[in-house]
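Next come the structures, one after another.
Below, subunit A partners subunit B and then partners subunit C, in two separate complexes.
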Partner chain A sequence: MLTQIIQNEWRIAWRERQLSVLWLIIGGLLLFATFSGWENFQRIHHEREEAAQLMRQKWENQGDQNPHSSAHYGTYVYKPVSILHFLDPGIDKFAGVSLRLEGHVQHGLAFAAASEQSSLSRFGDLHTGLILQVLVPLLLIFVAFNSFQRERSSGALRLMFAQGIAPRSLLWGKIIAVWSMALALLLLVLLLSGVLALSQPQLSQGTDVWLRLLGMTSLYALYYFLISAMAVQLAAAIRQPALSLLSLLSIWVLSTVILPKVVAASAEQQKPLLGVMQFNEQMHEERDKGLNGHDPEDERSKRFERKILAKYGVDSLSKLPINYDGLLMQEDEYYGNAVWDKHFGLLNRDLRQQAQYVAWSSFINPFQALRNLSLSLANSDLYQHLHFQKAAEMYRRTLIRTLNEKMAYGGSKTGDWDWKVPEAWFSELRDFDYQAPAIARSLQQRSLELVAIAAWALLLILLLWMPWWKAERLL
Partner chain B sequence: MIVAHNLSKSYGEHHALNNLNLNIAPGEIFCLLGQNGAGKTTTINCFLGFTVPSAGKAEINGIDVAEDPQGSKRHLAYLPEVVMLYPKLSGLENLDYFSRLAGFRYSKNQLQEFLLKAGLPGDSINRYVGTYSKGMRQKVGIAIATAKQAKALFLDEPTSGLDPKASNDFSLLLKTLAQEGVAILMATHDIFRAKDIATRVGIMREGQLVATHAATEFSATELEKIYLETV
Partner chain C sequence: MITTILQYELKQLLRKRVLWALLLFVLLGGGYAIGYGWLNYQHYHAQIKEVQQKQAETYAELAPKYDTLTQLGDQAPERLKDYGNPIMADWWYRRYATWSPGSLSALAMGQRDQQTPYQRIQLYRNVNLPELEEINNPEQLLAGNFDLSFVLVYLLPLLVIVLGFNALSQDREEGILSLLKVQGVTPNQLLFTRIALQFGLLWGLSILICSIGFAVVGANWAHWPAWVLGCGAWLLLWVGLVAWVNTWGRSSAFNATVLAGFWIVLLILLPALINFWVDRTYPVLPRSEFMATARDIDSQEWDRPTAVILADFQKAHPDLYSKIPQPIRDTQEIKVFMYNELSIAKVEQLGAPLMRTGTQRLGLENRLKYLNPAYAFNTILTTSAGTELSNFIDWQNATRETLKQNRELINQVALAGKSFKKAEFEQLPTFEAPPLKAQVGGNLLCLGLLAGLLWLLVWWSAQRNSAEV
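Right, the complex of A and B next:
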């Protein structure tokens, strides 16, 4: 019986011109967005690859150089773009892509593409994720509403019940029919994405990309089940067509537009973040005056000098067998790192608390769970961004420490700023090689959203088993 | 076959159906007459399980509708006043779909036979139902009912809006079904049609079955007179 209902829903959806045109439009939009997203991904990927190679070339061709000058000369690292960026670009556009690495100072990520665009274009970039998250559910709502109202108003529903179909079977049939229509669109995206990913074997090697793609498909499939089950049950429960449609559309607007904005604003209120200027000022001040203002830089320097002189058993810097400047700079670096750890630790904590606050809202709004999980699976969310920032900082520390130690122990003496290291030595220093978190880590960070979306699915299935689904209430 | 024991339905203080007792045997056509709101449709809805009775029992082929709504539906077929069906499916596709919902799978030839037997012109069988007249849709409805091979048939104002020819064809069909042993309960305003096809006629007023007569007892004119006096 379920098969008959599903087949019939498909047949009618195909024959009703308005619906089939809507399906074709959404399908066309998905193809367009996926293709253009892929083009965009390739462009960004190549730009960043080229920029990273250029920076490395510059680093390796800097000539004979004093290590400290080289530390100030610094380099840039570029956030690699995840291959699934083309499905859900996430915060990449807003969070910056390049990071300048140099001694003494930690920079923030720069060159956010969105900062160069108008607020309008920042709001509504058309990408596959947006269509899958916003437009497809709207289409499912219309299909579910139309399916029930059509049969209710024509009297076909009475005839169906008289033929012996159980109300619950009818609901299941319609849910599966609406859901399967969404799955068809999803399959289209999955196949196209798979083909596109395979066209770049060097980027799609390993299981992680494929697991993520499979994870995304499963996630959207589950979400479409929620939407189908919710829409069909509401369309069945509310007999007045206008009220039924209004309720469905209100839920859509509330869940996709209003609630996410309200929750994000509320999260910012709960855990306000410092502005960039204020944040940098605080870091600068603590570096100068010491952590919590208790250990000024000049006192730290004097103490360190005494310690080194005592260690080498000499009474002046000029008698040291090593270059004290290198040691002092590294000592300052250690202090700067501690200051960074404190401030970025706090910022990180606040950002994660904000993210957790938003994640909890998934229990009242499954759309939030979908959005967060989709970003996470595409490796384009806040957690991945923070992960990159931390990896880049760790690389910077190793690089600067290596340069400072070369300065200190490489054969120069204190004050010998003209001392240089051959160019070949710089080429031997390891390049930055960022490894994005694996899917297990991404999902672990989104466990709340996973539980929430599973809970929603269970709830909607439970509702279907409630005793109130009787023919007399559906007619 | 179709039995009501003290069947009642109340909406607050309003008694839509009050202590209805009815027994329609196989092969019998029982026509319920009455004004709008007399309780005819409520009676049918109780048998179809679309309305839960406040008291009493509705039985089809010995099965209590309230206790086993799905089981009782295996033995009944229903034809509403307006059979809209699916306008974007052909008559044949509609019949096929509704038959499959009832658990019957027929070949294309068998489906065509049901439709032709119901009086649908052969050249319209594969046209979309959206292009059909009301009479043609009723014929698809009756084909759906006959294809179900039900022992009890419920009809709610089936001839309303039909032209005299279509109405007459419809009456002949019902008589054929009754001869095949189907018990038929038909709610109607059409006294003359009721007199023509019914075995018995019941007159309802304010939820009560106030009179039951064998259709052979009176002429159509006499029946009309009784009806007007009763309601």
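Right, the complex of A and C next:
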């Protein structure tokens, strides 16, 4: 019986020209967005890969160099894009993509593409995620809003109940029918994404990408179930189709357009972030209190000097068998690292608290859960951004420490700023190789959203088991 | 007859509970947007103020030193003489170019939250090489701002749809329309009167919200007419769409579906497609490669022999070169200025395509505005608030000009082998914001033309379908 109800719903939807046209338009848009998203992903991926290679080339071909000059010359690292960027680019264009690594200074991620775009970019980009999150639910609403009205006005509903169809079975049948229409579109995206991912075997190696793709498909499938269940139950409860449509559209606008903005705005108000100038000044001030590699008169550096002289049992820097400047600069780095850990730690704590605040809103708005989880599965969310920033800073520390140690113990003496290391030595230093977090880590950070979306699914299923779904109520 | 319909409809409209609920929703939404925008602006403004205050404090601290330096001349203590060094004068006097859109930006934040609003005015600085990048939560940027412009651009059309989707269809579905026909009221009269009434009501509401917003944030009222006219044109377009769909003579549910479709097309799909088009035509150029190349240019320039730098400088700036006293021409101190000038010229040339891309993108977006009325309306709001990319580019250009003036002054003093005294210190340029360029006329014309064309279509459709309606 359930199969017959589903088949019947499909037949009706297909016969209604507007709906089939809408379905085809959304399907076409999905194909277009997926292909163009893939092309965009490849462009960005190659662009960043080439830039990273270029920087490495520059680093390796810097010529014979004093290690400290090399630390000032520095290098750039680029945030790689995850292969699932083509499905949901997330924060990519709003977040910095590259980071300059050098001695003494710790830069922030810079050059977000959106800062070079007009406010047209705030209207949103056409990507698969946008269609899956915003337009497909709308299609389900259009399919479901008068799913009872047709049978009510034609008397078919009465006939169905007379034939022994249970009201709950009818509801389930309609929900599954509406849901399956979205699943068909989702399947299309899944197949296409799989084929596209396979076309780049070096990027889709390992199970992580496939698990993420599977996770995304399951997530969207679950969300579409929520929408289908809610839309069909509302259509059953409200007799006037116009009112039912208006109610569903209001919920859609509220959840997809209004609430995410309101919640993000109030998260920002709860934990306002410092301006970059204030932030940097606080860091500079704290760093100045410590050792300064270029200021040997500084009290702290004198203390350090005494310590080193005592360690080597000599009474002046010139008698040291090593280059004191290298040690002093590394000492300053250690202090700078501690300052970075403190200030970026506080900043990241504030950002995470903002994200958590937004995450809690998933319990009142399942769309928020969907969006956050989608970003997370596509590895294009805030947490991944912070993870990259930390990995780059750790690499910077190792790189600068190696350079300072070379300066100190490589054979030069204190004050010998013209001492140079052969170019080949720089090539031997390890390149930055970023490993994005695995799916388990990504999902662990989104556990609130996972619980929220599961709770929503349970709630809607529970509503279906409520005693008020009786034949007379539906007629 | 029209007056009677108008009076009756007004009574009916005011009796609708859904109308009051919606008005409350919009007023609450508008109120929240104004409040949020205001708090956000306060936070932003405080940062700008702090930067400006820093500049004033440095000036207050340095000015007496230059007074003393001028009075004492060669008798000044060595410690003070350092301040006479042009590079040191430039370094110590911390000046900033600040991008500080006025308080109207609380109502239309535009791209304000994406940009770094300060740039140090200093000899070595280049506008293409910003030293600071503003700290933001990228997920918050992705979600977007709930400011008044959002309410007007996105939510106002929804209100039009909710109030008007069944302007005629409901009467037909309830069988009232045929009764009214008997009394000599034509469906078109009824439809247009209702639509006119709804337009008047919503325009009045948007004028009220805008006025409250302007008053609360203390915005410049000179921009009020642009906002009000923009809202009027935007509403005229939407009530036109509602009227057009109503003339088709279909059910209320059908009308609601189609109008929701229009909302999605005009506010989500078209802007996204045009964004896609613009991105493909003028992609944002990767800036970090430019930064790295600039870094290389800088070090290569410095590594060149002084004689070569001198020759190149002579070619590029013969006037300035001729003023360098012979004995100091090939000294390291003088090389610094010449190398810097040559290096900045090369880096600016390299960065020109980056600066051009923004203008090219804006040009294309402007040409496509007839396909994208939501963006045209948004541009009226953001450019009059000074928060659009075009306003930021104006600021960047003005900053570049200040940086150039700064270099010119320092070069003049330094290359002549002189030092800074009070007069030179006072001449160090400080940034002056460029005049605000609001793009109102063209965008109003665009909205007006689109609304006019649509209303022609409505009139034609109403005539054609009057019998069926």
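Quick notes
Please note the rule applied: the second predicted complex is superposed on the first by the 466 of 475 C-alpha atoms of A that agree within 3 Å, B and C clash if a C-alpha of one lies under 4 Å from a C-alpha of the other, contacts with A are read in each partner's own complex, and residues count from 1 in each chain.
The rule is simple: a contact is a pair of C-beta atoms (placed from the backbone, for glycine too) under 8 Å apart; a residue touches a chain by one contact, two chains touch by 3 or more.
Remember, predicted model here, so these are calculated numbers, not experimental data.
On the superposed subunit A, the two partners subunit B and subunit C both fit, without a clash. Contacts of A:96 after superposition on the shared chain: subunit C is touched, whereas subunit B is not. If you count the residues of subunit A touched by subunit B and by subunit C, you find the higher number for C. With both structures placed on the common chain, the touch criterion links A:241 to subunit C but leaves subunit B unconnected. Touch criterion met: A:16 reaches subunit B, while subunit C stays clear of it. In the overlay built on the shared chain, the residue A:163 is in contact with subunit B alone; subunit C does not reach it. After overlaying the two complexes on the shared chain, residue contacts for A:145 are found with subunit C alone; subunit B is out of touch.
In the superposed pair of complexes, A:358 makes contact with subunit C only, with no contact to subunit B.
For the overlaid pair of complexes, the smallest distance between C-alpha atoms of subunit B and those of subunit C rounds to 16 Å. Chain contact summary for the complex, subunit C toward subunit A: residues 29, 32, 36, 39-40, 43, 47, 50-51, 110-111, 114-116, 118, 130, 132-146, 150, 154-155, 158, 162, 165-166, 170, 251-254, 256-257, 260-261, 264, 267-269, 271-276, 278-279, 283-284, 286-289, 291-292, 295-296, 299, 354, 357-358, 361-362, 365, 372, 374-375, 378-379, 382, 387-390.
Contact residues of subunit A toward subunit B in the complex are 1, 4-5, 8, 11-12, 15-16, 153-156, 158-166, 470-472, 475. Those residues of subunit A whose C-beta lies close enough to touch subunit C in the complex are 18, 22, 29, 36, 43, 47, 51, 54-55, 58, 73, 76, 78, 90-91, 94-98, 100, 108-126, 130, 134-135, 138, 142, 145-146, 241-242, 245-246, 249, 253, 257-258, 260-265, 267-269, 272-280, 347, 351, 354-355, 358, 375, 381-382, 385.
Contact residues of subunit B toward subunit A in the complex are 48-52, 69-70, 73-74, 76-78, 80, 82-89, 93, 97-98, 100-103, 141, 144, 148, 154.
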